[in-house]
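Take a look at the structures below.
Next come two complexes, and both contain subunit A; in the first it sits with subunit B, in the second with subunit C.
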Partner chain A sequence: MTPTSLVSRQWLPSSSPPLLQLLSRLLSTLLLFSLAGSTVADTYDETLLLQPLSGQFLLASFNFRSHGPIQAFNKQMFQLFPRSLGQILQYTHTRELHLRFALGRWDSELWGAQPDDGQNAGGTGVELWAWVEADNDVEAEARWTSLNNALSGLFCASLNFIDSTRTIRPVMSFSPTGDYPTTNTTRLFLLHGTLPKEPVCTENLTPFLKLLPCKGKFGISTLLDGHKLFDASFQSMSIDVRPICSATTGECDIEIQQNIDMVLDISRSLQRKDSPVPRPRDQHELICDATKSYGSTEYCYPLDNSFDLPWSLSDLFGKSILGRCPFAVRSDQEVAHVCIAAPKERIVSLPEGSDVTQKTLEDGRRCYTLRDNQPFDVFLPKQEPPTSPHRQEPLLYAERSFTGHGQEHGGVKTVLRNPSTTDAVEVVYLESLPWFMKPYLHTLKAELLPSPPPSAGKDAGKVISELYYRPALDRKRGTQLEAKLVVPPNSVVIMTYDFEKAVLRYTEYPPDANRGFDVASAVITIPPHRRKSDGKFVPATSIRTTSLLLSLPTPDFSMPYNVIIFTSTIMALAFGSIFNLLVRRFVAVDEVQRMNLKATIKGWIGKLSKSKEE
Partner chain B sequence: MDANTQLRDAALPPGFQDDTNAAAAEATYKNPPPEAPETIRTRSWVIASFWIVAIFLGLPLWHATTTIYRAPLPMQEMQNWSEGKLCKTEFPLLVEVEAPPSFPDAESLLKTVQHALDDANDFAAHKPHHLRLRLAAKKAKSATEDPKADKDENVACLLRLLPDSRNGFNHTVHSSSRTVDIHYPPPSSSSQSSISAGLAKFVAEILEVLFWQEQELIEHLLLPQTSNPGSLNALSSQSVDESRDKKTPPARPRALTADINRRMSRVVKYSPSYHLTFSLFTATSTPASWDIESAISQYLTPLLSALSSISNFTISTQVQYYASISSSVTPTYDEQLHAWTLKKEDLSSFINSAEWPLASISNDPNLNFILYIPHPSITPLTIPSALHSDSFLLPQWGGVTILNLDQNPAEHLSHVTLKPAMETFATHLLALLGAPPHPASLPIRLDSLTRQRSAEVLVSASSTLGSLQRLVNALPSISIPATVSTSVKDSIRHLSLACEELRKGSFVKALEMGRVAQEEAEKAFFERTMVAQVYFPDEHKLAVYLPLLGPVSVPLVLGIFREVKRVLAERRTRQGIS
Partner chain C sequence: MDRRCLLVIGAGILLRLVLFTAFPSLPTTLAQRVEISTPVTSYKRLQEGIYLYTHGVSPYDGGVFHQAPLLLSLFSILPPSAIVTNILYVLADLLSAVSLVKIASSGVATVTPQHVSPRKDNSWPPWATAAAFLFNPFSIATCIARPTIVFTNCIVLHAVAAAVQGRRAPAFVSLAMASYLSLYPILLFPPLLLLTYDCSKTSPKPSIQAFSAVTTVLFSTVLMIYFKLSHLLTGSWEFVASTYGVHLLLPDLTPNVGLWWYFFIEMFDSFRAFFLCLFQLHLLIYVPGICLRLRKQPLFALITLVGISSIFKSYPAVGDTGLYLSLLALYNHVFATMRYSFFLAAAVLYATFLGPAFYYLWVYAGSGNANFFYAITLVWSIVNALIVADALYAVLRDEHETERPELIGKDVVQI
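Right, the complex of A and B next:
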């Protein structure tokens, strides 16, 4: 985001009746001086960026941003800022909030760097971090808990399960993005929590849309539909609230930014349009690789990417954009609502009869301004040979996996690869591990490949420059591991450590205990820096690995009753034998009085019949 | 010897055989040698000691480890409070009378009025709770002399007697003070006594008129307290408030019960602070903003600061665009009115709670005030069947005002446009808080609200205590933590303090005490740990204990059975010998 976009603009058109306006002006100046401030309305922007990715994928980035004066926010006089969220932030003294809902994996090998330098992406499930203002740590913790509980209710997510075991306080990874000219920064506490298991779904999208001023009824948000969004290969929803202050006037605004990134598999979406249930493709629809010598009319070796699939907004999303949100309009300039970042060769056509103007930006984006009450759709026809979408090489590739076997020990292996041939990358690696996964810090090793020549000195192989480690406490808090390391150009750093699996208590297992326990994504942050080779500024970037599934020794859950029965039986046996030993009289074999079973039964019957006769 | 004896002998193990029967045993087996008496004694001791350990160590240990902790509660006191035995609620009201110096014999006038009032106070005869109106007989400017009237707030009302030759007897109530002016025709020397008598009657009537509504209301509040508390069954399934609502007061002689009930059902539960949410819901995107801040500061802040002695208020406002009313509500077009109309039944479902973000996070009760601007296609929208055609009150929830704008509405709603709506909201707020609508004087109404609220918290706290007491009696398996006990004691202490303050006539303090009592009582009643044990069924306990107790108790019981048998047999032989 550029600082120039933060200048607040008034979007109130001057269409109100002049008399009324004059009256209100007059009254406002006469009665209340503060009134002048209240007529300054909040500003709002919304943009949709459509960017084809390689492999017939399409990235759709929705961005909704509004900001208004922080005085009105503090007085709880909300206009475009959603009151439901604003009240929570005020109540919990949260100054800056970042909330992420994500599903799927961003395939950086295929798609390149994440949009917006990964700033809007979160780990699988739910991730939340916030700067809470408090006097001390205990108070911050209490406010954090109530923040989680309130957000849990607002977004219908299990955020209330972010307790002290899932909360960490990162030291190096995050820094506030807002401006705090008046707040004492020692009073700001950063807390970070993750819920890797949370299934993100429609019930989280609905409250997300309710926070928007146009509520998914007008503008680009009309495209957002749970069925399409959660059918995507990758999707991430984010909410960021922060204060931003103008450097010149010192006036502060509160900004809320809502983002949705989704990667659509175009062929899958088009198929969904044709038939709601998946079905195999007909033979004539298949494109076969005829160059293969072993190919025949019976067998088909499908050929990928032989042409660009045709698509339109209504094909992919099931509907076209309806009108525009009146708040995202400026009277003084045309605002680009929808932009398409397709290669220049790719043809983009608008349906006939639409009077939407196309504007091509310097970077080749084609942008469109929505019109009131007019549906908007774009169509990209089939194109052969295929265009190659622009792919931005990420700064770093990261992968994380489990190693080892058995129910007792395991290991984690993280592979960080720097694709750049010229520049080393300094990264901060952050792991938030659950308490039942106990890493051995002495096994933490970072290996550099290719290994530096022995002539380079002893320190050449040392990758980790700083390490921050907070060990877990059973059932109280999880492990926090932060490492600052440098990945030299064109090389790979392999970081490994071993851990021990704890045995949980009977009640601590979830209902589906045999599925395993999710371990939150590692957060890899690349701080903003100036590239050494060409001096270009690189903004802060973050990358998240996938979450891991840890299987713990799982007991048989009928165990407690079995244990009770077993111990009871053993105790009863022991007691019985001891008691009998003490009480019984021991005699020789021939002294034992034999029981005459026959006579006994006869006696019983005789007794019975006698009593009957009587 | 019959088969019976034989059977018994056969069933007995060798060690327990009597020597006399030994001969009857089969000849091929030897008889065991007779046991030494020490062995027999040791065996008895062993069995006895096992039983002693089981009874005196095992059972108490079992009991101690499985018993549910129940802190002692002052049950009788709680019951007495809930039955209203401990506090005879009194509301002594002090009325000052300011007579002009020319007025002859004010003292006797006051005496007459007091008599008239006491006679008229027919509640005093048969109702335990009543209001006693007392007259502080004072001449002009003598307020400071009266030790009881040293504080202004203790004076419920100031009557000013003013001679007025023109209009005869009449009165005016000042809207912003507690003063009531009473005009009377100046006495001529001849008919002084008749004027005095007429004036006395008139003053008594006015006082009656000023306070009867409040009396009715407080009496209504206090009545259920003395009536029979709800049945136990009703209690265990319902919360306190519900069970309290269920109790229908006995038939009242006055026809106003329905009206009071209606008014009381609107009133929100008392709280020391409320959160007010003002929302502008518009069906389109216009108007985009409103001058709510200045509108509130001009039209509402004076009222809120007047109410501050009873409750504090926090305020938040919001604007919501593209807000549609519930789909179940469909306005119909009325040709005669040239307007779209809403039926009275529609009003209860008017609020689209699924889509309108109206929930509030604050701990205080939230009151919503909604300004709704309908879509141009259904403008103007009115409610012809209601009292006000453009606004309605949702009991215990808030108020809604519909604002019909012309076809090209302004982007911004000025506070001038908002004025009528804000005035409606102010009326709604007073109704929701339970302020009586009657006397024109706001201070008198607010005083009356204070008294009404104190009566309410007293009743509420006592009945919560009563409910807790019945709950504890009804469910012996719930645990009672020590915190409940302290809360109950605190509540009772504050209840008696409140009662004392009421008797002294300082209602604000009484309200404060009553509020604490209510809070504590509710804290005790809604203690979370109390319900944890309720659903632990006995079958489970049995299933856990049986595998241990079954196998262990069988040898123990059999052991004592044999021992008893042996002792009996021994005694019989001894008798046979002797």
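Right, the complex of A and C next:
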């Protein structure tokens, strides 16, 4: 047995010593008593949704949401709202905050639409947007800077590098999700910044968990462990703070919502459990397709998805859920803490002796309520033939890539595909490009495939209906491109433009200059609308493309002194030869007494030998 | 203008039109060459500027377009067809060639009021000078790639042509336009002033002080009018920082044939401002010396300054060198006294062929690094500087021989 698994064993509650169990029980009781004494006005919910995806993947969505009266928040009376974040928001006059940390790529071809319509997902790296209240633009900018700096310290992320070159002010893409009955909305400034290169890791997860009321000690958050979270195929952490007001009473609450979506590769996680070091599978473990004619005992044609892999929470996360968070309890109702959205045929079993209530919702979800101090685990056994998980078709598929070669020019190509056969999709496409990538807007083209028939008129091929463009300024701000376009049903829009790569000063390159520069994901927003074909309401949806890696021409970093010397020499040579001609007079060769080198040297030698003799 | 001149000009124009029509992708390919297009002259950037301007976005509030507003409005009223644009560029070259013929026909290169060259009979006929411009590969490539330097060159030549005829107002209105378009022609103001003064036919001749005072007022008034017009067209003064600021401060470090780009890539941040000032002053410092020493031949002082600014300005291109070499053809009668003509011609060819190759190795193949192209720009600059110096030597020698005809054909030294 390897030492790592030994350590993890120790933390399993079943094997913890009785004294520790007693202590934790005592503590939680004390906590509950103290809660009963004070008036907790804040409400808190936490839910975990486990949803099998196609291709033996599992989506685990953790949602933590608390809200409390905004008056108390404004008076700095924090109950469940994290004080550290609350004070930052108050100091910087931030009314609404959205922070995203994301890694990996959501494979929409395989997994379908993103959970929550993509509202909780961010672009690769860190993405932050906020509505800051200020009197004018300059003040908003200053508050935005201090917000970034403070959040940078709080989340151990390089958010302080979101400077004016990485900040944009989107015009069409984002709209506030909170309610502002009293605030003058003209005083709210939307600022958006991205750090596509930021490597999201454990140091960002720890402060994220600390914002939770139970801080990862109880409840579903006990599953969140850096080793598992950052081993996922896709993961996204989000924090959203916004004011919400009741339409009937007019009272306002401040809401904080923390979300973690992770897509686990089940077979990879199970393999990690058996052997932490990856090793090839033994032959008898391989699942081969025996129907292939070329298959034999020596060759294996791997067979995917012949059965549903068996898994349990403790297999995938290395531990089971420890108790429940005492704040996530309602006296009036049973709260569903963990839900499994597996197909109905899939068997879900609980360990023996657990007295967890199970409830099956109308949509087939099986939901469970956690109990105090009781570990919770579920087990989904191996199932053959495999069940097919529900896959929701996304509204739009988006891909973006670079075209061209060389380090001088290039192009960007975005492919937007509408899979619907009946409904057109109106989207807002937002790109925030670094200043050293200089797009040529006159080369922007949107091509519609299949191209409309010529009889459809001149404007039928026109896809972009509105365009907002703010060109980059060298070293001051990046490019912002927003385009409103319509993708007709069952067709593809290909958007292309050319750009030029700037050469930077040698101090502006990162240490790994030849790796390239990351270009932030494009944000594609589909505004809330009513579907034309069946009148169904479609909420706002966002889709993000992957980030791009832009390689720029690099100078020779070891050369500064040499270059200064060479160039200066050339200039001195030119200056010298021209001024030499300008200031000196011409004379014939025989008119001047030329220095006779031979005679001079002879003279010197003669003098020297003379002095020696003396 | 005789038949030969017309024939040469016709052939040059025809060559350009044929290149434009027979190779439709050639303009785009050449327009992307860093040796021909610079950030302040590039045709692609001009198109971007026009696009933004016609769509209501200020092109000067961005880092791509750095060209003068009048150019912008000229192109925005033109029909957006490649043929019209190409014809405009060919017409500019036609005008340049006509101006060169005028300059050559005036004979100012050989005979000025203070100086008569002993080799004046050796000088080329005007059609040969026009041919030196029209069939110069640098000029042809520049015309096909359509950078806006073509217009600056055309206007500079027009100004000189007006000056050798003693027509002050057209000369300085044109020079003001050239300076307005690309800043550095302002360095040509002193020699052009002397040239106009020497060639002016008004009698009695005003004193040089009075003449220069009036000319300075004229020049600056015209320049002000251009600025005010630009202000009216764009609605703000931000074009000043975005055009002349770029010439002066070099924010865009795109490679070119000059010395600045790599120097300021590799420059330490704390010394950047110092060296920027130094590089600009370096250009300025040649003006008084050359104008004083070549007082007898102001046309050659002007040509030398064209040559120097084509090497040491912030965004030079081969089009600048093309202008210098065409103007230098006016002084072919002194070429015999040049010392390194063969070496220089060979070195120009060397840099011309290796430059694109090394740039390809660095940017596309990845098998070379930036030093490859930098080395070639060093060679290019030193060769051009030596051409300027050698031509200067030849002219000074020629001038010296009018003073002391007995030294013709003898070796001389400088003391």
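Basically, the second predicted complex is superposed on the first by the 524 of 614 C-alpha atoms of A that agree within 3 Å, B and C clash if a C-alpha of one lies under 4 Å from a C-alpha of the other, contacts with A are read in each partner's own complex, and residues count from 1 in each chain.
Everything that follows uses one rule, which is that a contact is a pair of C-beta atoms (placed from the backbone, for glycine too) under 8 Å apart; a residue touches a chain by one contact, two chains touch by 3 or more.
This is a predicted model, so every value here is computed, not measured.
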Partner chain in contact with A:A247 - subunit B first, subunit C second, else both or neither: neither
Partner chain(s) touched by A:H442 [first = subunit B, second = subunit C, both, neither]: second
Touched partner set for A:F579, first subunit B, second subunit C, both or neither: both
Which superposed partner A:V277 touches (first subunit B, second subunit C, both, neither): neither
Touching partner for A:A290 - first (subunit B), second (subunit C), both, neither: neither
Which superposed partner A:N596 touches (first subunit B, second subunit C, both, neither): first
More subunit A residues in contact - subunit B or subunit C: B
Partner chain(s) touched by A:V138 [first = subunit B, second = subunit C, both, neither]: neither
First (subunit B), second (subunit C), both or neither touched by A:M571: both
Contacts of A:H405 with subunit B and subunit C, given as first, second, both or neither: second
Contacts on subunit A seen with subunit B and repeated with subunit C across the two complexes: 564, 567, 571, 573, 575, 579-580, 582-585, 587-588, 592
Sites on subunit C touched by subunit A in the complex: 32, 34, 44, 47-48, 50-52, 55, 57, 59, 61-64, 251-255, 259, 261-269, 282, 285-286, 289-290, 293, 308, 311-312, 362-364, 366, 369-371, 374, 378, 381-382, 385-386, 388-389, 392-393, 396-397, 400, 407, 410-415
Residue ranges of subunit A in contact with subunit B within the complex: 12-13, 15-17, 20-21, 23-24, 27-28, 31-32, 34-35, 38-39, 41, 75-80, 82-84, 87-88, 91, 150, 153, 210, 213-215, 217-218, 325-327, 561, 564-565, 567-569, 571-573, 575-576, 579-580, 582-585, 587-588, 590-596, 599-600, 602-604, 606-607
List of subunit B residues in touch with subunit A within their complex: 3-4, 6-7, 10-15, 17, 25-26, 29-32, 35, 39, 43, 46-47, 50, 277, 279, 285-286, 288-289, 291-294, 297-298, 314-319, 321-322, 355, 357, 359-362, 408, 410-412, 414-417, 543-544, 547-548, 550-552, 554-556, 559
Residue ranges of subunit A in contact with subunit C within the complex: 405-409, 435, 438, 440-442, 467, 469-475, 500, 502-507, 553-556, 559-560, 563-564, 566-567, 570-571, 573-575, 577-589, 592
